[in-house]
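Here you go, one structure.
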């Protein structure tokens, strides 16, 4: 059984949680990595109730040693890895603490570098021809007022992902970047916006399971027909 | 049984031909449209041997009346349409006949407009929430020496496709654009390049069936998670 | 005295007219080309009142022979050429006559091809190291609802311009593309929008003379530091 | 006399040094900021020999307090600021120390945030309608094998710059981003590549003075016709 690793897992009904569930359904042992063991356990438990395999790993994605230990813990057989870290970090530049701007990059991009480096090393060592996917956003492609920190870290991650894609294509490693353009119909927004149910009803929030299908679609591509990037949005999104 | 229409079908072992075959396998009656009845018949015959349904339609994609007649002939039930017309048209600007430049646009973009207009009208009339996909290329995104005509017509088609995507999203019509970045391992190149077999062996040509999977993936997306654009290339492509 | 040619000249207080005036002030004999002799004469007369040199040429930019005759009429010494043709062509795809869509491309892109071809041929024959600039728009870069025709023709022109830029760089010919993002504070809008004066007062319309400065800036670049593209918008533009 | 500040100044015959010289010639008192007092003094001395005004400031661009002190030292009257920090940082991801990747971002992007924040605050406080420009590269727009760190930090800076441009346009602050696409004919490369003279002779290196003209061009634009971005390359560049 092949192994998969998803980092940046929060609530079960979020992109990270549902990615784990979907990947496990596709016959992987899934390593469910994130900061909060309680959340991870809920995801792992749910996957096991499906009759599938999962293990939680508590990790700070911006800590090299923790990333290295995580990879060691997983052992051989890793074939699919997803970097799903990096929440929106709104705010105006003149009001923003440098530590806030830095933190946005640390989790949004630097952790992606640490993760990618160790994942690629395993793929190369085991000659795996594995798949490494990154979660992007419309912010990956441009800057916008009030979102300088998020735009910057997402732009950093995208260019990094594209460089890695080109750098390890010769090793049959597939690297992809999914542009999630809009809010997700998951627990994060549910607890943050008062009109969540209305937005879902109006089709204004992205269906998470469909997004996980896109990740599986990318994973399943063979190396004679790889996609680096695709965008996902609802029919109601103004773009 | 839903109906699908693919325009720009040449040899069986080409993107158009294989799209028809793949779509038919997904339980559509497929209308196989192109310029040469002989080629269309081979595709149709092959699909029928699979036990699936197909009909040929000879059509000049740059002729409004022929497009309208084709749509009439198909009748109700159209749910999936692909504009796959437009070959590469190399040449330097100073050496290029205006008629050649024009023809590149006529088939590469104008036909796409005529096609999209009639397809969208049917989708709207029948309230179908259908899918309309366009075949693009790396040429869609930038200009390059010796490819001014092709770059121009592909850029024209891409902006058109994006405008249509935004214009009819509110009608639940999904419009997508597939960036095929590189040569296809099909009959067109087979008859044009002497080192075809070597290129296939070296993994330098795009696997056509995988491309058709991408079209089906786009078709199957629900309107809470639509992709407008994805790129496809081999691991050997220099991009 | 070097010669310059601006095609797509309408009212004196428009981008074409002011480009002619500005270029003439920079010590060129300017050929003022457009469809309406009356408009051209007003521009030419104004330039002559400045003490500078200008000649009108009535031309249909989509007619190869007229383009060729224009180039012949200008004779030797052409060093600067601007393609400034192509008005906005709004409208929904399903309501649009094919002839309207076609006309948008004919003037927006095909004329640009005819023009570029003849201009480049003169530059090459005279070994001029000339400059060829195109007027673009935000529409050059993406599609938008209700602007499919304009987006498409502008996207076609941009990819063409980029291909030409790369194709003739080795001949020291500088090709540029100016993205005019927003309405111009000129006579076209003045006669079309009722709140023109208010928009000017609010700084919402682009200052035309500043745009002409950008064209001169591009012209004056030497071949060790060429710009292909720059964007121009007001501080009030929402982008 | 207005004040200008250029940060990221190295050798006199480099982009930073020549920017200071050119800006000083345009009637500014120029603050010449960088890490090495010896280099700064050479630039300052040269500007003074021109009969113009300049002062050196030693500063680590990644240190908030030093940036704040620098801004204090300059006092009132700042109208033009340039962030010119961030050298190329080549290397493959799997061989790269995390500290190296981080450092690339610290100087390439984080310093730009600290700088922009303090500069914008001064512009707002003094109601200056100032100009803030960033030096970009082709790396700003995409990822490329062996340049993951540099691509990532430049992409981060570009999205940040675009966000700032939109965020403070309403305050009449002009923000721009110059894409320098290729090597510069300056002292950095002179000391690093053995065929420098040949490359200069062949026109393969960008003329620095022309680049400084572009920065002045951007500075001089009025708010009814601002450019956010322009690219600069030689006629020999393959793009």
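All chains are identified by letter, namely A, B, C and D, in their written order; residue positions are counted from 1 within each chain.
Please note the rule applied: a residue touches a chain if its C-beta (ideal position, glycine included) is under 8 Å from a C-beta of that chain, and two chains touch if they have at least 3 such contacts.
Worth saying up front: this structure is predicted, and the values here are computed from it rather than measured.
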item: Interface sides of subunit A and subunit B: same vs different residues, half threshold; value: same
item: Farthest chain (mean CA position) relative to subunit D; value: B
item: B-C, A-B or A-D - pair sharing over half of the C-D contact pairs; value: A-B
item: Distance from the mean Cα position of subunit B to that of subunit A, given in whole angstrom; value: 32
item: Where subunit B and subunit D are represented by their mean Cα positions, the distance between them in whole Å; value: 45
item: Set of subunit D residues in contact with two or more other chains; value: 166
item: Pairwise touch network: line, ring, star, complete, or other; value: ring
item: Subunit C-facing residues of subunit B, complex; value: 64, 92-94, 96, 98, 101-102, 105, 109-110, 113-114, 116-117, 120-121, 124, 139, 142-148, 151-168
item: Contact footprint of subunit D on subunit C as seen in their complex; value: 166, 169-170, 172, 174, 185, 203, 205-207, 210-211, 213-214, 217, 221-237, 239
